[in-house]
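The following pair of complexes shares a single chain, chain A, combined with chain B in the former and chain C in the latter.
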Partner chain A sequence: LDFLDDVRRMNKRQLYYQVLNFGMIVSSALMIWKGLMVVTGSESPIVVVLSGSMEPAFHRGDLLFLTNRIEDPIRVGEIVVFRIEGREIPIVHRVLKIHEKQNGDIKFLTKGDNNAVDDRGLYKQGQHWLEKKDVVGRARGFVPYIGIVTILMNDYPKFKYAVLFLLGLFVLVHRE
Partner chain B sequence: LRKNVEDFTGPRERSDLGFVTFDITADILNEKKCMVFFLTCIHLQSIFDWNVKQLFLYLSAEYSTKNNALNQVVLWDKIMLRGDNPRLSLKDMKSKYFFFDDGNGLKGNRNITLTLSWNVVPNAGILPLVTGSGHVSVPFPDTYETTKSY
Partner chain C sequence: QWKIDDKPVKIDKWDGSAVKNSLDDSAKKVLLEKYKYVENFRLIDGRLIICTISCLFAIVALIWDYLHPFPESKPVLAFCVVSYPLQILPWLYQKEKSIFLVAHRKDPAGMDPDDVWQLSSSLKRFDDKYTLKVTFISGKTKQQREAEFTKSIAKFFDNNGTLVMEAYEPEVSKLHDSLALERKTK
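Right, the complex of A and B next:
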């Protein structure tokens, strides 16, 4: 446990320096995240797939990169991530039908590749279509497996605290 | 074979329902010419490379109506995994999904365009949507068929 000795050897100034370093890392991470939100136009530019409703394309734990540019029209075949009014968890499914008016108002229906029926049963009571406002983003790219860490952290909060604690410890103690 | 049935009151009240049967002949692997019998013919030069996990193919109908300037309805889809037979020869297929219009815009609509497209799903990376070249236009008749055909 020689890193504990290191901590004891640090004087107050060095400790403050390390804390500031830590703060800088957190701020940079936040800035990158916000920057991504601006560039992609989506409030959630990276999402983790939580269910198997899009298999075999996406599995639980895959990471999706989204854009939500208003100029991009919604067309059938696209994979959209949307939120149902009143529900927190976003859903990743494919657009099955669209009906768009001259002025750009659009209503559309979605379905998971691995589901037998379309999503009407999932929408709010009385809601038959989704609209632009329900869309979080369009899936443009993906990386498999990586999101499993997020799912683990959600399902096992102790794991999340352990990870955060270790990260914090590492940054505080690291010399550079 | 297409007919309209104004017979359904689903969550949409009395909208037009269209029936389309179609054939798909597609050769997704190589340059070999494929027969265009009824629908689209696609040449995909080795699209199944090392980074392609699967293709999500779908046949969509696009048309305009009085109510809506643009309508797109997926009639049929298929997942083709890497290693599956890349040659498709499907005849007399019925559409997988109900071809409901939002309203009554199918009656007498002369210009419904059917296109075959696919979503390339890589092992990792970008998810492009590609539209096959070639499409077929089908008209719907001016009158409804009122006999129940199920």
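Right, the complex of A and C next:
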């Protein structure tokens, strides 16, 4: 257990500092994520494309950057990320039709580029349109393939916990 | 046995930060154990407190966002996110100064204010030259004097990466004594 030697020589303050170091890294990551949320206006500013329903534009594993500014109206042809009420997983599809009221309220219909039918089959029982409240954000930019890591970590949670555990251990034990 | 304070320090001689840390720690030991100075934890405690508060801000942001889902939490989040880097800045600046020990020497007669000794060091990346600087601040006259040496770390570590105190301790003591002596002759 040689790698623990540094830790064994630490006094109380140094041990607390190691824990704090770990906390600072987690806090920084958290603050960057929350910061992105504030700046983009979206509760999930970065999402991973999970299916091939938007090929050839997006592929499984692509990373999308979203904004959700109220000032930007949703228009037909735009790619939006939305959540169906009661379901956790966001869907990335294109807007097909919009009904817009004078006051700005909208009802819109979506469809995946690579799907044969529109998304009505995915919506809730009896729901035929989506509304602004269902929107997580609009795609503004993307990076290909990088999201595959996220998909792997979700499909194999043990892998995710192992990686996080090892990273955490490394930060706690290693002196700067 | 958990604590290994008495065993000789053995590190990876190619790991620059481990080398610097062990040299710093041992210089600390010389001042605290040989000369019996008392460590002043204010500097270190200050750093710990700043970092703890920053983490608290992050935790507050997390909990607030959980209780009042976005977008209602926007103002609180914005506040936490902006103030977080502002708090880290003083901490980062502190690290730049690289002082790793502030110690006091109490006046044996109990009349004059404490003399303050500071240790700071630097070891550039991939370089073998270690610089140790001792700063003495007289409690009585508030005058400040410093002395430093720059030596190759090869002078203090053997081939296995074990710190040889017989080679290092005299250097530290010499540096210390050069400042203490000046004081006595004045």
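Everything that follows uses one rule, which is that the second predicted complex is superposed on the first by the 165 of 176 C-alpha atoms of A that agree within 3 Å, B and C clash if a C-alpha of one lies under 4 Å from a C-alpha of the other, contacts with A are read in each partner's own complex, and residues count from 1 in each chain.
We adopt the following convention: contacts are C-beta pairs under 8 Å (C-beta built on N, C-alpha and C of every residue); 3 or more make two chains touch, one makes a residue touch a chain.
These numbers come from a predicted model, not from an experiment.
Asker: In the superposition on chain A, see if there is space for chain B and chain C together, and answer fit or clash.
Answerer: Superposition check on chain A shows chain B and chain C fit without a clash.
Asker: After superposition on the shared chain, which partner residues are touched by A:Arg94: those of chain B (first), chain C (second), both, or neither?
Answerer: It touches chain B, and chain C stays clear.
Asker: May I ask you to decide whether A:Ile79 touches chain B, chain C, both, or neither, giving the answer as first, second, both or neither?
Answerer: After superposition on chain A, A:Ile79 lies in contact with chain B alone.
Asker: Is A:His128 touching the first partner chain B, the second partner chain C, both, or neither of them?
Answerer: After superposing on A, A:His128 lies in contact with chain B but is clear of chain C.
Asker: With both complexes superposed on chain A, which partner does A:Arg140 reach: first (chain B), second (chain C), both or neither?
Answerer: first
Asker: Look at A:Lys107 in the shared chain and tell me whether it touches chain B only, chain C only, both, or neither; answer first, second, both or neither.
Answerer: first
Asker: Name the contact category of A:Lys158: first (chain B only), second (chain C only), both, or neither.
Answerer: A:Lys158 contacts neither chain B nor chain C.
Asker: Using only CA atoms and the superposition described at the top, report the least gap between chain B and chain C in Å.
Answerer: The answer is 24 Å, the least C-alpha separation in the overlay.
Asker: Enumerate the residues of chain A that count as touching chain B in its complex and touching chain C in the other.
Answerer: Shared contact residues on chain A (touching chain B in one complex, chain C in the other): none at all.
Asker: Quick check: in the complex, which residue numbers of chain A touch chain B?
Answerer: 56-57, 75-79, 94, 96-102, 107, 113, 118, 120, 128, 139-144
Asker: Sort out for me which residues of chain A touch chain C in the complex.
Answerer: Within the complex, chain A touches chain C at residues 5-6, 8-9, 13, 16-17, 20, 23-24, 26-28, 30-31, 34-35, 37-38, 41, 43, 175-176.
Asker: Contact residues on chain B for chain A in the complex?
Answerer: Answer in residue numbers: 11-12, 53-54, 56, 58, 60, 67-74, 77, 79, 81, 97, 100, 102, 117-119, 121-127, 129.
Asker: Across the complex, what residues on chain C touch chain A?
Answerer: Listed in rising order, the residues of chain C that touch chain A are 2-5, 9-10, 17-18, 21, 25, 41, 44-45, 47-48, 51-52, 54-55, 57-59, 61-62, 65, 69-71, 74, 77-78, 80-81, 84-85, 88.
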